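In what follows, chain A forms one complex with chain B and a second complex with chain C.
Let's turn to the complex of A and B:
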């Protein structure tokens, strides 16, 4: 934690804000010691004067030097603001952690109090408390402190609730740790960082709020003075003597900003940075499709990101009409990126290149000669290229009815009227066996179950006349029974309409079940391409075999540990010279570690295993 | 504060349940507000009437005033009387002027409402298009310099409280350039500076939130789905991204409107605006408690109504929010 705070101070914003804050705090400590005399010296010869060599910012109505008064006022202003912040934080912490200590009933009452108090703006609460506590510095500190408490209470509640769900809290609870001890020993240390950051930002706000109260005359009372008081007193003279009003105002803003910026810099520094570099896309020459039966032709596809990393490096395959092709591999093998690249859904800064990428004979990459082709390409993809995404829970827009979301594409690309598109959507929902399709079409995504949403997502792909469905882990988020239903549905669609399917999955048993052909990916490459029927007997790449061996079946001995592939997937940023799988492969030789094998005769391996050498694997056909 | 909803009619009609729940909460909040306003006068240390009339006032005068305010009755009876008077629109009489509090409020309220509403509209009209445009322009790390400039300007503007902004604006546009009057409420020009003082800070906050929200929405799976439908870019942004980004923007916008209602207090004092804000400050200083009570109630109810409006709009935009709380 400490090193991260230091890292924050090394950023330009963090360092600037830190220095500014340090300066402001030093001023508050030392200014009254050094300049009290100058600030209070009454010079009756120079009343309400403008800027002069003797008085930089002029004098006030008693001839006191405004510049020194602004400097000296820093202590009162900042001290009172910090006091008020402390009251706000302590009260807020007590109110916000009350639910964790008091149990259900007391907790609910505390939450209700906070909910109601948060609904009122801080200034209004401050005015209310100012009436109760009386006009003056003490009353204002209490008023602003209590007025700031509800928002800290809300913050504490949120943070405590976030921590309370973590495993170590559950473990402590099971171990019988008492509520109060739990709060102090386990919860508070874990939320201290965001609390401190927010208190820093809050101190800036408190400083400004305090200046506000003093400004309208409810805060610091004469002869004491803070920045707000000085501003309020000199406002009426702003025409003749603007410096007297502007100087304390500028001081308040600078001090407030110092707290604010420092807090924000720390908050940002402790979060995650977003990569900023921007990549331009190259436009390789498009080659016309050779295979008239081919729905999708991919030749030497590469996907890269700034870093630079190239998670997909030279993938080639062809999908024909009515064919179901499986693309398998561990997480991070590049299979989902391949799917997104094929679908033209990689967003900058990601960059896609390929020797050829064509869909139904039309090139998808490369510069378009005329503008109209962009629309043509969009229409082609919009009607014939369907995507089914992994997570049906998040892939629908939560604010729109399912039917409307299905109908949208048809209205756009097929020019259907609102009603015709809705009827088509209902028809398609029926086709994917959504019961009571008419009623369902008018519901929102949150009213659908996961399996039902995935059907609806497939139905969305069927709104046009798809030639290809790219399904990216369509069953991963679903339970086993629903998985099978969704796979069956894809199979049915293929056999009824001759639609090609590219099925991406990390689960080789899912792929073996419905695919015609399987592409095995490792570290951004296709390492083996084989018919699904040969998975059981014909796999030659050691990685394919290892994947198959890792699938448990009814013969797996229950008393032995599950088979796993040793080692971990390679980091695409640090690829070895030779075969990317060499480090995890029991057949690897020196050649494997120096020379990168290419896909020859459907397998990319220097030591492909003989086909008959094993037969104990099952394909997962159940 | 939510009432437990068990009747079947409420579970089958989420909107009815929402209305019952939300109005229930409003009623609870109003009751607490009214009670707080009532208790305020009793929480003040010492005799509020003595405080208001000053140490020099004759004891007979203080006693008479106490009697007319009903302060010698038992507390519960005072509370019942207070509620009864509220319902009949009687907010008591100002100690300093002797005028009915309701008359003072009727006189002063329009100026404050005008100011807050105009500032809210100006803030929304600046912030939402600006935030969305910045979001689209800086998505995926594009134009880092524009992003830095936008964010730092917005942070600085948002950090300046409205009354200081008001002083700065007065200095530049009234004292130096003579474009607008320094203070007062009259011509259209006299509205410009107070409205801008109130609107600029919230607009900066809102524009930042709007941009960040849009960026978050652009990352979602359903936006990818929308792109997979090959909709034109404008349709993706306006139809799919905007409503989802609007949810947080409106939530914060509503909170800011509540804050603007309160911010009028300070801005009115800078510009000598004849609204409730100047009234509440002068009445607090004069210890004119019946007037303070009345104005606090008006401000509080105003904020509660704004919050209610925000919740209703949110429920219309994002149907999950009606269900979420149940």
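Let's turn to the complex of A and C:
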């Protein structure tokens, strides 16, 4: 957290705004101490004079130096603005968090009050309160403070509502935490950051508002003075002594900007920013002629991020026509990144490199010399490649009907007419066995159940004539029964149209049932590549075996603890020398800890286990 | 050690036309010191039932009793029920240290420091994690902290809602082992919710199957899984992966039908649109379309909510004559 704030100050805008704000604040603290005397010195010989060497910005009607007065006025102006902001924030917080404290009925009342208050323009409220609280600095502070409260209250309400949804609030309630403590310990700390940012931005606005009130005589009263009052007094002489009127105005603007810019910089720095992706290939355009059945060839694929971390480090595999290949491994092993790299979807600042990455014989990496080739590549991916994600809700546009979304791609990539594309969409929905496809095509994504959305997503992939479907955890969010349906659908598509499927899952039992071949990933590498039928008996890599043993099934012995894989997954930023699995492997030797095994003969291990040892391994691992 | 009993509990969301009955007249008992595993598909109302028990959802009807006394939930008071949530990434306050989170759940007057350390050790975490923030922990470690927090409240009953489904398979095992050990050591009564039958089988003494807001079958784990009565339970069992299986079970046309819409639950037996032995397959079972099988469930083995469940506990003499006639018809 703290490091993120520091990072904000490292950006040019953040640093500039920070310095400016610091300067303004220092001025407010020290100016009256240093220059009060000069600012208050009455010089009856030089009344209402213009700029001179003695008085840079001239003098006022009592002959006092305007330059020093602007400097000294900074304390009153900023202090009062901060006070008003504090009142706005505290009142806003109290109103906005009232629903969390008061319970249902009181909360509803608080929300109603805020809703009404927000509807009034802030300026109107400020004037109203200024009249109510009376003319003078105190009245103005209260007026502006209360006028600013509703918008903070609204902000607080929104933020509180966001946090209140989270499970930790529910957990605290169950633990018997009282409402007040809940607010102070759980809710406020989690919304403090956006509140502080908004309060900083708000302080800039308050400064302006305060200057406004003083300007029209409702704010600071003589003999005290702030920038607003100075502006008001010198305005009558603006044609004669423009500097005297402009100086306090400029001061207000600079100080206001300092708060505003700093707040904006922090807000921006704490959010997330995404630059554009870079795709490079170590050997662009070099596509050796291969096995003509190969749909996807991946050779030494690496995905890295600044840090630097390389979560995918040299993955190679080939998928042939009509083949279902499973990719399993725990979270963080690089499964999804591999899929995203294949689909050209790695978000920057990620970087993808590969000795070869080709789809249907066409290279996917590297800069293409001719524009038409780039278009061809896009069309190839658009029509022959389909991707299915874990959560189809986020992959569909919630505001568009399912049928329209399916049809869109077909119109773009295949040049179908609107009518033809819609017909095909309905046909494809039928193909993925969405019931009442015609009616369903006119529904929105949220009207579909999870399983049906997943099928529609697959249907979207089938709008073209895909040669490859990449499915990333397509069934993880679904129930066993619905899961079966989706898997069966993938299998049907494969057998009917000879489509290849890359199925990514952390659940090795799912993969075993539908795949021809299984790739096991660990720490960014494929550590074993074996036929699915051999999973149960023929796995040779210790990790594959441990993974298989760790999944409870309907035959797991009830009187023994479950087999577990000891230790933790490796952090891709801190890979050990040698085998990445060594710390968790019961077969690790000294060689394992120093030399990194590579995939030889379908397994990346110095001590691959023989098939016969399997049963003894399973009992031994518990 | 306490018994938790749901007595005809109903929970509704929304009003009027958009109303949805997420839990519909559920009777379920978690006997003292035992684990009840609750399975059912997504949206069947499992979490809603759990949330009603801990006071996060307001029942529209029925009662939830702890040792025969209705539960009251007052803010700030100690809760005899504690809950562990599915997502360990959202169930811990990111701005609070592990130690503070656990200490907060303790009853007043406990010797907090020592107790926190003891609990951390109980769930297999180092004592020096006390001052760590959740951000520095892995999913499995967070879930351990969440379990420690729940145990810190010295609950009579512990509710675990899908506590392993957000975790990797390689970590699932350790958390399940922990839950099982803790439950045995502390003799906790527990409601364990999961959609994974294999996981439920491993931890539960009793299994309850939920479908569209209702319990359709409940009984000792071994019996329910070994001799399922309700077609839905059978379907769940058929769909669960088995060790070494390398082929999908054969497709089943009816089971593949779309899940029912909870806003408009089917009349009669709620499972009938998907039932492989129901009216859509066997024309002689039309009564499933209109007659609710839950009313007679108490007479059947495992309280199965199915007119055609094989096992009957006692003679059906007390049944309404309509049902008798229909049964004769169907023979």
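Convention: the second predicted complex is superposed on the first by the 459 of 622 C-alpha atoms of A that agree within 3 Å, B and C clash if a C-alpha of one lies under 4 Å from a C-alpha of the other, contacts with A are read in each partner's own complex, and residues count from 1 in each chain.
Just so we're on the same page, a contact is a pair of C-beta atoms (placed from the backbone, for glycine too) under 8 Å apart; a residue touches a chain by one contact, two chains touch by 3 or more.
Predicted, not measured: the structure shown is a model, and the values here were computed from it.
K.L.:
Scan A:343 for contacts with chain B and chain C and give back first, second, both or neither.
P.N.:
Touch partner of A:343: chain B, not chain C.
K.L.:
In the overlay, answer first, second, both or neither for which of chain B and chain C A:504 touches.
P.N.:
In the superposed model, A:504 contacts neither chain B nor chain C.
K.L.:
With the two structures laid over each other on chain A, which partner does A:444 touch: chain B (first), chain C (second), both, or neither?
P.N.:
first
K.L.:
Could you tell me if A:204 is touching chain B, chain C, both of them or neither one (first, second, both, neither)?
P.N.:
first
K.L.:
Once chain A of both complexes is superposed, is A:247 in touch with chain B (first), chain C (second), both, or neither?
P.N.:
It touches nothing on chain B or chain C.
K.L.:
Do any residues of chain A touch both chain B and chain C, and if so, which are they?
P.N.:
After superposing on chain A, no chain A residue contacts both chain B and chain C.
K.L.:
Across the complex, what residues on chain A touch chain C?
P.N.:
Residues in contact with chain C: 103, 166-168, 170-179, 185-186, 189-190, 330-331, 433, 435, 449-452, 477-485, 487-488, 491, 506-510, 512-514, 532-533, 535-537, 546-547, 550-556, 558, 561-565, 568-569.
K.L.:
Can you list the chain C residues touching chain A in their complex?
P.N.:
Those in contact with chain A are residues 41-43, 51, 54-56, 75-79, 81-83, 85-87, 90-96, 101, 104-105, 138-140, 146, 149, 152-153, 168-174, 176-177, 180-181, 195-199, 201-202, 225, 235-237, 239-249, 251, 255-259.
K.L.:
Which residues, counting only chain B, touch chain A once they are in their complex?
P.N.:
Counting only chain B, the residues touching chain A are 1, 28-29, 32, 36, 40, 43-45, 140-142, 144, 155-156, 159-161, 163-164, 167-168, 170-171, 175, 182, 220-222, 224-232, 235, 239-240, 243-244, 247, 258-259, 261-263, 265-266, 269-270, 280-281, 284-285, 289, 292, 296, 299-300, 303-304, 307, 317-320, 323.
K.L.:
Given the complex with chain B, which residues does chain A contribute to the contact?
P.N.:
112, 115-116, 119-124, 127-128, 130-132, 134-135, 204, 208-209, 211-212, 215-218, 231, 235, 238-239, 242, 245-246, 249, 252-253, 256-257, 260-261, 264, 274-278, 343, 345, 347-349, 378-379, 381-382, 387, 389, 391, 394-400, 405, 408-409, 412-413, 444, 446, 457, 460
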